[in-house]
Amino acid sequence: GTGAPGPLTPAAEGASGQPLSGRLTVFAAASLTGSFERLRDDFAAAHPGVQVQLNLGASSALARQIVSGAPADVFAAANPPTMATVVDAREATAPQVFARNRLQLVVPADGPGRVDTLADLARPELVVALCAVAVPCGEASARLLSSAGVTAAPDTLEQDVKAVLTKVALGEVDAGLVYRTDVLAGGGAVRGIDVPQADQVVNDYLVAVTSSTGNPSAARAFVAHLLSPRGQAVLREAGFELP
Amino acid sequence: MLLLPAGLGFAFLVLPLLALVVRAPWRALPSLLVSPEVGTALRLSLVCATSATLLCLVLGVPLAWVLARADFPGRRLVRALVTVPLVLPPVVGGVALLLLLGRRGLVGRYLDAWFGISIPFTTGAVIIAEAFVAMPFLVIAVEGALRSADRRYEDAAATLGASRGTVLRTITLPLIAPGISAGAVLCFARALGEFGATISFAGSFPGVTQTTPIAVYLALESDPPAAIALSLVLLGVSVLVLVSLRDRWMTGASR
Amino acid sequence: MLLLPAGLGFAFLVLPLLALVVRAPWRALPSLLVSPEVGTALRLSLVCATSATLLCLVLGVPLAWVLARADFPGRRLVRALVTVPLVLPPVVGGVALLLLLGRRGLVGRYLDAWFGISIPFTTGAVIIAEAFVAMPFLVIAVEGALRSADRRYEDAAATLGASRGTVLRTITLPLIAPGISAGAVLCFARALGEFGATISFAGSFPGVTQTTPIAVYLALESDPPAAIALSLVLLGVSVLVLVSLRDRWMTGASR
Amino acid sequence: MTLEPGSPGLDAELVVDREGFTLEVSLEVGAGEVLALLGPNGAGKSTALQCLAGLLPLSAGSATLAGRCLDDPVAGVFVPAPERRVGMVFQDYLLFPHLSAVDNVAFGLRARGGGRRRAREQARDWLGRVDLADLADVRPAALSGGQAQRVALARALATRPRLLLLDEPLAALDASTRMQVRSDLRRHLDAYAGCTVLVSHDPLDAMVLADRLVVVEGGRVVQQGTPADVARAPRTDYTARLVGLNLYRGRAQGQSVDVEGGGTLTTAAPVVGEVFLAFAPSAVALHRDEPTGSARNRWRGRVAGLEQRGDTVRVELDASPRVLADVTVAAVAALDLTLGASVWAAVKATEIACYPA
Amino acid sequence: MTLEPGSPGLDAELVVDREGFTLEVSLEVGAGEVLALLGPNGAGKSTALQCLAGLLPLSAGSATLAGRCLDDPVAGVFVPAPERRVGMVFQDYLLFPHLSAVDNVAFGLRARGGGRRRAREQARDWLGRVDLADLADVRPAALSGGQAQRVALARALATRPRLLLLDEPLAALDASTRMQVRSDLRRHLDAYAGCTVLVSHDPLDAMVLADRLVVVEGGRVVQQGTPADVARAPRTDYTARLVGLNLYRGRAQGQSVDVEGGGTLTTAAPVVGEVFLAFAPSAVALHRDEPTGSARNRWRGRVAGLEQRGDTVRVELDASPRVLADVTVAAVAALDLTLGASVWAAVKATEIACYPA
């Protein structure tokens, strides 16, 4: 278990006034792993009658599972398009933005410090890792680079942020573009460098209660918890920006 | 002359592990070992991989036998199709299973409508995903063993009145026990390390479908050193299981 | 009696593929087939998987022979260590390779400093990653075959003056050809479908390191139907290769 | 002997095509009868046994055992091996390497539905009969060749089959055990109500064990009859050598016979047409110079082979016709017989048996 | 014959421990000499050959070939099989199943460094010598048992080894080929300068091919000598049966010998101490009632076995002592000899050979 239980909200019951109970299954993007584990523990402490299950994975995989009939109550996606596929399939309605993330330049913590601006990504002698354009972070990186007018010279186009981060942490790569939250999760091995243009490509995290949920009151309570000050604090701690 | 490539091969397989061990966060290990989540994931992994291996043995050995011994039109096609799941990227394999057995799948919709059974996101789904990915290994290894076995022992058993099934059980299988053992080890190991198909088809619910490789994947997100430490724990456990299992099988059958 | 489980096993392996085929975006296929990216990825996949299989044969068969025939202290440990990469989650395997052969790796730092060689992010790295993941399959399958082979043929060859190496090459290997063939198929298929270790160690750059499974994975994010279609193309090609290869080997050696 | 339909015997007309080799053999074996299949290497003896065992389907012809059709490609009948109640001893034993001797023998009993303990008991019994009681728990790899053969014999006999097929059952036995096992086998076969087909290279085995011989050469029957008949009037070189006779085929004109392959022999009585001529090697006298005695047949040749057999030496002469002669060791010394030496052979016309071809 | 150090022969003292079996045999074979190893099944003959071939290391003792130490556990010497220049024919052939007959024969030539074409040519030559030229391109699975054996023979001979080991090289050959191959083998062995150790169950093979016999029983040498010596004075039951004699061991007192296992026999000359008594089955006369003639030895027994051998019938009598008798077919009919019939055996004292044990 992670995170100490915070101050308990008195609202240990649902909208109807009945204490919440039953199972609650939350599908969440893998980049939310740490934060959602803490949120789950907080929520469970506040609603002892509810058993919260987290199903973590790539947003796209989660979306696919939900569309195939997976028993999800809440879906938290790392980017709007995946949420859109679920909404389009009428499996969820009214998604809400609950967090934002922005890109940072990431370099090895013990690196020689040759990289400080986005423009350095164009230097051919450096080993540069970016996310592939097909995945959300890659699409964001591409937008960032084009808005900054930089033609990067990547050596590899990774399938997700984690893959970029691992290579930077091991020092195999001189620089990459990842989300701020990932830089924080990466611990001491990597160093994040803020990129001014990143404001323009902020990535929204969306959450929605699914249409097929068997426990709508608990689901709504979880979403409310996510958007509550306590929930937002946890997210901010992990490096997310708030909507 | 043979020792040189053999040594190179060994080094090739072992040095990366060594590098892993050298760089592993040894400080993190003790706390990991006692944490209940790790225990849960490991136990689930072992249970699922063992069940998947058993399922593969039950279904795969007869299939290998049919491929090696029976002569029917289209055998080449059948063999080719059996080989296919091997090259399928595991994630796509998981998608295929969803398309088949999901609530809206080709078969799954009837299971759901008629019996109220929903397979995905259960421990059963993990076993199915692992078996789907691992069974071709067993089938191909066993078919290879069957083909190199001397068929005349089977003839001798047949003249003694043994039916095909009896011959298979009492003569053929014991004779190719090392081959089956090898196949089962491959199958078990593949199942134990399986990730893509499982997470696609069964999701990742702690205690239900979150096997160790999935836990490693998630830890890689939140705490990379812990992920490596967890992999080492998985390795240690599986080596223990494999060594104890395999040496028994191999020696029992060696002549 | 055997046909029932064999049929079940076959159905188990083939029905998910069928579901995939049924749901595949057939309209998308023709344009995919002619797209140069798909061609590039497929070609790279085949080249790398073939090279990796050859590398595995060269290093793995002698290793299997040593495990099956030589008697030395610590053989059990060696065998256990050879089995280990099987259960390693592939992503961790890739990390292990980086730790060994990367710029700052145990060995890689010297390669870099002394020879200016950097392995990651090259096609060579793809081959190494695939071989690392696939070799245990070959070694275990071949060891199983060696153990079920009748050793007295080797005795006979020895009395005729053949050295160990000659015996291996001219007697033992031909006798266990079906087993080697099975092992090579497993190895090739595992290499062809390999994803996690490759992307961790070699990265993914079109034409250099982006193999088909990586392309499939990426497509799954952006355009799922195209991903399924691409997998089917990968399947079709690999089945063609495997069928033509394997049937030749298997029949050539059958007695 | 022709079997009536429904008779308890074996009635088979075996036709098999293998690459480069065709077998076409008719066999009839009555219940309790022992038929010996003889023939040179590659004649098709083992192939015939495989057909009878159900391990090789016929290309044509048919096989009926105890009134039950086992194989008939025209009628589309093929009874697979396990349902045939046929016991077989293979030429190279084929003991199951992973089972002990006693479990090898018990295998058939268990496969035919016997209980484990009972099967083992009976198996031990059978091992005792072939003198291997103390090796019951040994694996085949640790058995000597002869021991393995005896286990194979016990394994086949133990199932009490309707038809027993023995492919050289005594070949690997040593001289002392061989006689014992041969008598035991004879006893078992005498007591045994089914049919037996036995392949052997040892004429003695065939003579002692078999009621009737069928000689096969190149996939076809060239001669059959009781051992005595065959021994008395061999019809092929192979049979003649088997029973130790000189045999020639030729065209007769009065008392003179032109031998196929060269030479002329004189018989005691006038004959006509195609005939066989046979005489024992012991009927041949050898001389250094042309003999002048009463022997009507005299011809010259070179010594091509010498072989000691107990007190006598068998001499092979390269001559027209070729001939084998048995002489004493003393004679060899007296005549200074060495390989390549030139000598005269003499055979009295009265020693030559003559019968139509 | 003791070989001097550095002699071109084989000098071996083979000691091997296997579970439940110990071999302890000394063998000395001169260059060009052929030694036959005889013995009952399981005596250790194949084990001895395996040691000589380098397939089984000795537990103790040593083996020296042409002055070169091949195996000496005390000195820590062990020359592996491929470096020994030893050719071996295995009891169950062990032809390589994936190679054609000619490639099987060529294998040793190529392994010893011959060129591919030259090796094949020589191999075809050897196949011709064993009469298999037309099956050169056939795989072993399509060879009959006898054909396979001949290919194995050719394969071993083709490498022209220093020491040739033959484990029953003629066992699977049919009667007609056998004589031919035997003479050919004799010729090859005569021309062959190396040592030969031959295992055979056929006394005739051993007598014809070997210069000296070594009889092994239970892992130990029980008798050795020239074929004639062994035939004349067998020292064990096995040897006696091998050469077709009745043999007894007993304690002599004057002309009377108390036979081990029961019974008394009278000899022509007085002897003392432990002796062997031997006589041929043909020296035994059988009578329905107690004979009154000159034969000094007369005893009664029951017929335990009857076996036809050509013109004569070998009768086994269950008596004290047990005895084998050869009688004519006519005698069998006259005496009405059936299993279990009670008859008298008579042997003249002068027929009995007596020699110290």
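Note that the chains are named A, B, C, D and E in the order they appear, and that numbering of residues resets to 1 at the start of each chain.
Just so it is clear, a residue touches a chain if its C-beta (ideal position, glycine included) is under 8 Å from a C-beta of that chain, and two chains touch if they have at least 3 such contacts.
Computed from a prediction, not measured in an experiment: that's the story for all the values here.
Colleague: Taking each chain's centre as the mean of its Cα atoms, which chain lies farthest from chain E?
Modeller: That would be chain A.
Colleague: Find the two chains joined by the most C-beta pairs in contact, please.
Modeller: Result of the pairwise contact count: B-C comes out on top.
Colleague: Taking each chain's centre as its mean C-alpha position, how far apart are chain C and chain D in Å?
Modeller: 55
Colleague: Cα centroid separation between chain A and chain E, in whole Å?
Modeller: 87
Colleague: Measuring from the mean C-alpha position of chain A to the mean C-alpha position of chain B, what distance in angstrom results?
Modeller: That gives a centre separation of 33 Å.
Colleague: Where does chain B touch two or more other chains at once, residue-wise?
Modeller: 91, 95, 99, 105, 163-164, 175, 177, 217, 220, 253, in rising order.
Colleague: Which positions in chain A touch two or more other chains at once?
Modeller: If we look for residues of chain A contacting two or more partner chains, we find 64, 166.
Colleague: Throw together a list of every chain pair that touches.
Modeller: Pairs flagged as touching, ordered by label: A-B, A-C, B-C, B-D, C-E, D-E.
Colleague: Going by the contact rule at the top, pick out the chain C residues touching chain B in the complex.
Modeller: Those residues of chain C that touch chain B are 1-6, 8-10, 12-20, 22-23, 58-63, 65-66, 76, 78-93, 95-97, 99-101, 105-107, 131-132, 135-137, 139-141, 143-145, 147-150, 163-165, 168, 175-183, 185-186, 189-190, 192-193, 195-196, 213, 216-217, 220, 224, 227-228, 231, 234-235, 238-239, 242-243, 246-247, 250, 253-254.
Colleague: Would you mind writing out the residues of chain E in touch with chain C in their complex?
Modeller: Chain E reaches chain C through residues 53-55, 80-82, 84-88, 90, 94, 96-98, 107-108, 111-112, 139, 141, 155-156, 159, 165.
Colleague: For chain B, which residues count as touching chain A in their complex?
Modeller: Its residues touching chain A are 91, 95, 98-99, 102-105, 108, 112, 118, 120-121, 199-200, 203-206, 208, 217-218, 220-225.
Colleague: Quick one: which bits of chain B touch chain D in the complex? Just the residue numbers, please.
Modeller: 152-153, 155-164, 166, 170-171, 174-175, 177, 253, 255
Colleague: How about chain D: which of its residues touch chain E in the complex?
Modeller: 18-19, 39-43, 45-46, 91-93, 135, 138, 142-147, 150, 167-168, 171-179, 182-183, 186, 201-204, 207-208, 237-238, 241-242, 305, 307-309, 316
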